[in-house]
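Lettered A, B and C in written order, each chain numbered from 1.
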Amino acid sequence: MSLVLDHVSKVYGRGAIAVRAVQDMSFAMEAGEIVALLGSSGCGKTSTLRMVAGFESVTEGAITLAGRRIDTLEPASRGVAMAFEGYALYPPLTVAENIGFGLARRNGRDEVDRKVREIAELLEIGDILERRPSRLSGGQQQRASLARALAREADLYLLDEPMGQLEPQLRAILRGRVKALIKERHLTAVLVTHDQTEANAMADRIAVMEGGVLQQFGSPDALRDHPENLFVATFIGEPPMNVLTAERCGDGVALGGAAAVAFPGLALPPGRRVMLGIRPHRLRLGEGALAGTIVSNQWLGDQAHVVIAFADQLLVAVSHHKVAVRVEEKIAFGFAPEDAHFFDAATGAALRHGGEG
Amino acid sequence: MTGLKVAAIHARFGRHEVLRGVDLAVAPGETLVLFGPSGAGKTVLLRAIAGLEPGALGQVVIDGQDVSARGPEARNIGMAFQNFALYPHMSARDNIASPLVARGLQADEIAARVAEIAKLLRIGHVLSHPPRALSNGQKQRTALARALVGRPRVLLLDDPLRNVDAKLRYEMRLELPRLLRESQAATLYVTQDYREAMALGDRVAVLRAGRIEQCDASETVYDRPATAAVARLFGDPPVNLLACRPVADPAGLRAEAAGFRLVLDASAEAAGQECLLGLRPETLSLAAAGPDAARLEVIATTPLHERLVVLLRAGDGTEIVASLLGAAPPPGAQVAVAADAAAALLFDAASGARIPARRVMAGKAA
Amino acid sequence: MALHKLLRAAALTLVLLFFLFPIFWIVVMSFQTNEEILRLPPSLVFAPTLANYTALISGHLQTASGILDITFLHNLWNSILLSTCSVLLALVLGVPAAYAFARFRFRLGEDIAFTMLSFRFAPPLLVLLPLSLYFQDLGLNDTYIGLIWIYQLICLPLILWIVRGYFEDASPDIEYAYRIDGHSWWRAFTRIAIPLAGPGIAAAGLLSFIFAWNNFVFALILASADKQPVTVGALAFVTASGIQYGQIAAAIVLSILPTLALALYAQRWLVEGLSLGAVKG
């Protein structure tokens, strides 16, 4: 085990005005793992990161890193390296000096130079090493800040929105290179982000947070195929999951009052109202028991997004190939029973995924 | 002519030329997406059309009338800002009513039209709230309602979905086309997201370094980009550009780079010239080893939506990004990768211009 | 926990005592006679008297050497007149100027703004001599207009620089949006820019009112007795037969009251941040 959060809570203020920013958060990371804390602003992910780094006190619970309890230690003695969301580069130092800052004490000068150059080349900032932060673009500052964190030797790397400002043309290659570097050196990293594409691209496991509560902790595949509640189901995935209200009847469910879909062996009482979720990539066009009207059909270069009006709402289907349907046309569509997700209409808790009981 | 027409727009800040002669025409009911990297001058162009950029030169014609000399209040436009720019000391209702108040409409007509647009944008229940009590999505809808309520002839939307979360952004992407079509305004929509550009634009104008580099239907921009720079802006992950020197071939040109060997349907004039071979990541696929497939090492896999973005490295160190479907090979594995020659692009290395297909040239000759 | 709270309370009491004691002592003094004030050791036990206040309001000051006429109420009126008119004039001139400096880039703009600020740097005593000569030539010596004019040296730079910051903080997009809605430039200024800078304008107005109210040297040199504000008028309490501490204390209490009332009234404006939630959160 590397980083372990054991029932950690963070409360700001006291009494009636107390705000529970993080509530009873527990998860454990393996050494060499990349975990993403994912959520929208105010979900508690940054508070969690700051507690691990030592910039915030822990109200309740314990944090251990490599078997050592760290939540009572000073930030400097926790053995963590951090890339800050606001970059926090030292303005009077050049990029090279910024990156080498944490290395200077233990290593020889040549060794520091070599390490700085290596990480700078990897992040495509080798040609701006002699500049000062004020003369860099936002993307360059972000890469310099990331380079400084990764150049250090630490038990844990905390990366707060490390790639949000990257130039889109560099993003794919840099994500790949940074991920390869972390894996190659067997580093353990926590990545805080609001961008699910970044979390999916980089992380082995993702902790989805909302309202200070950990909603689900699992691999990207688990979040996609077995979301534990409606929030996770609709938060993860782009375009978002289609959600319909459904009512148990016959050997399946009725959708939108009219159409019925068979679900043999569905263990729900008749008349029970549930939410039925289907991912846009899993909707099948041109076949199936349901019928709707095409609202739009957009080809985005590598995928088609087809919007269907059905039961007073819009459903989105995604195909990796062009789809030959026109706006206003009627279309038959459907989905395989194993691609359906059922959620409790009141609590949003997952009832059943696909073909399981 | 009706709609919006701008001609020879120039703008400079000090010695920096931001816009260097921009010409555009947008028909009523049409949405033209203005797309480009940050700093390309998109916002400046929008502000010049709105009359908010006093230093800008050029002609702005709305519905046949030259409005270049008029102030922003007399151009009959609606605009939505990236930061929403709501009036913080007014309720959402008063925010939306502002364009109608400016025209001196009767109170009951104002109330009716505000209620109508608010219902359309599903913000009827928050009309009495001040902006600070609205969620980001509601702020964004209020700003859109304010831009639409006056039924302007020209709509300028400056990256209006930039500051809302992914889910809301996608929802609005579904709703906006119908709203814009029904408004019958000539719409200029700024975005930095190429998917948004392709989804919303009847046509897309790519603005780079102060000039329109290409203005076409979105599929054309994606499939036949005018330059290598446009090709790099469209696509996530972006196109791989590999240096090569193609040689003549009976079927067009033969290009070799990073282990790929492709016969391209491209004008033979480029034979022997320094070129860039453009391979879109989604046109690459794992293949059986063969003379035309590249032998590449897997560096890392970074999933993107339903696809797997794989960073690969050729023997000469060239990095290739492929966007694959299905299972990912593990890091360190050697794989054979084939490229779809029909979808490959070829650009002149010096000018960046795309080298056109042979058929087009033959057609012209005949 | 209890000890921690106790210590905190004690520390707070000490700080409060330190800052409020002089004010408390002055209030106490204003209800004492000169003899009671000057007795040694000082005592908090005394028979309160309103004599100081009646003397100030009636204008007749009883001293050991006879009755002295003082014009305190007139001085108070002068203070109110001078400070109010100065601040109003400075607002009329300064708010549009601050807006111009915040929104438009023009030649020498920064230099002009800095020059305005530099008025605050000049030691008043240094400029007073030439100024009084000019005022005599212009016939502005000993006039309200002359004093209000010279008070702009105090008020205008303050208002200009504080309000400019507030204008700069508000996104110009909000005004642009209002103009695109079809409103004129003037309406965008009065309906959007000014309300959004409201807290700043209130703060700057209050601050410059206090500075104008407390000014001493300008009025001392440039005005005669009937135009002088309370700060200068207070000199009358230093009489040939001694210093009238009781009346001075009462005069201080009376002259703090207007600024105190204004500050309490303006407080809600100062605190309220109107621009919250204006642009994206």
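One rule holds in what follows: contacts are C-beta pairs under 8 Å (C-beta built on N, C-alpha and C of every residue); 3 or more make two chains touch, one makes a residue touch a chain.
What you see is a predicted model, and the numbers here were worked out from it, not measured in a lab.
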Arrangement of touching chains [line / ring / star / complete / other]: line
From chain B, the most remote chain by mean C-alpha position: C
CA centroid of chain A to CA centroid of chain B, Å: 25
Chain B-chain C separation of Cα centroids, rounded to whole Å: 56
Touching residues (chain side chain C, partner chain B) in the complex: 171, 173-174, 176-185, 192, 195-196, 274-281
In the complex, chain A residues that touch chain B: 40, 167-169, 171-173, 175-177, 179-180, 183, 194-197, 200-202, 220, 234-235, 237-240, 281, 295-296, 298-302, 305, 307, 314, 316, 318, 320
Chain B residues touching chain C - in the complex, by the definition given at the top: 47, 50, 52, 71-75, 77-79, 81-89, 98-99, 101-103, 130-134, 136, 139, 146, 150, 163
Complex contacts: residues of chain B adjacent to chain A: 37, 165-167, 170, 174, 177-178, 192, 194-195, 198-199, 218-219, 222-223, 232-238, 280-282, 299-307, 309-311, 319, 321, 323, 325, 331
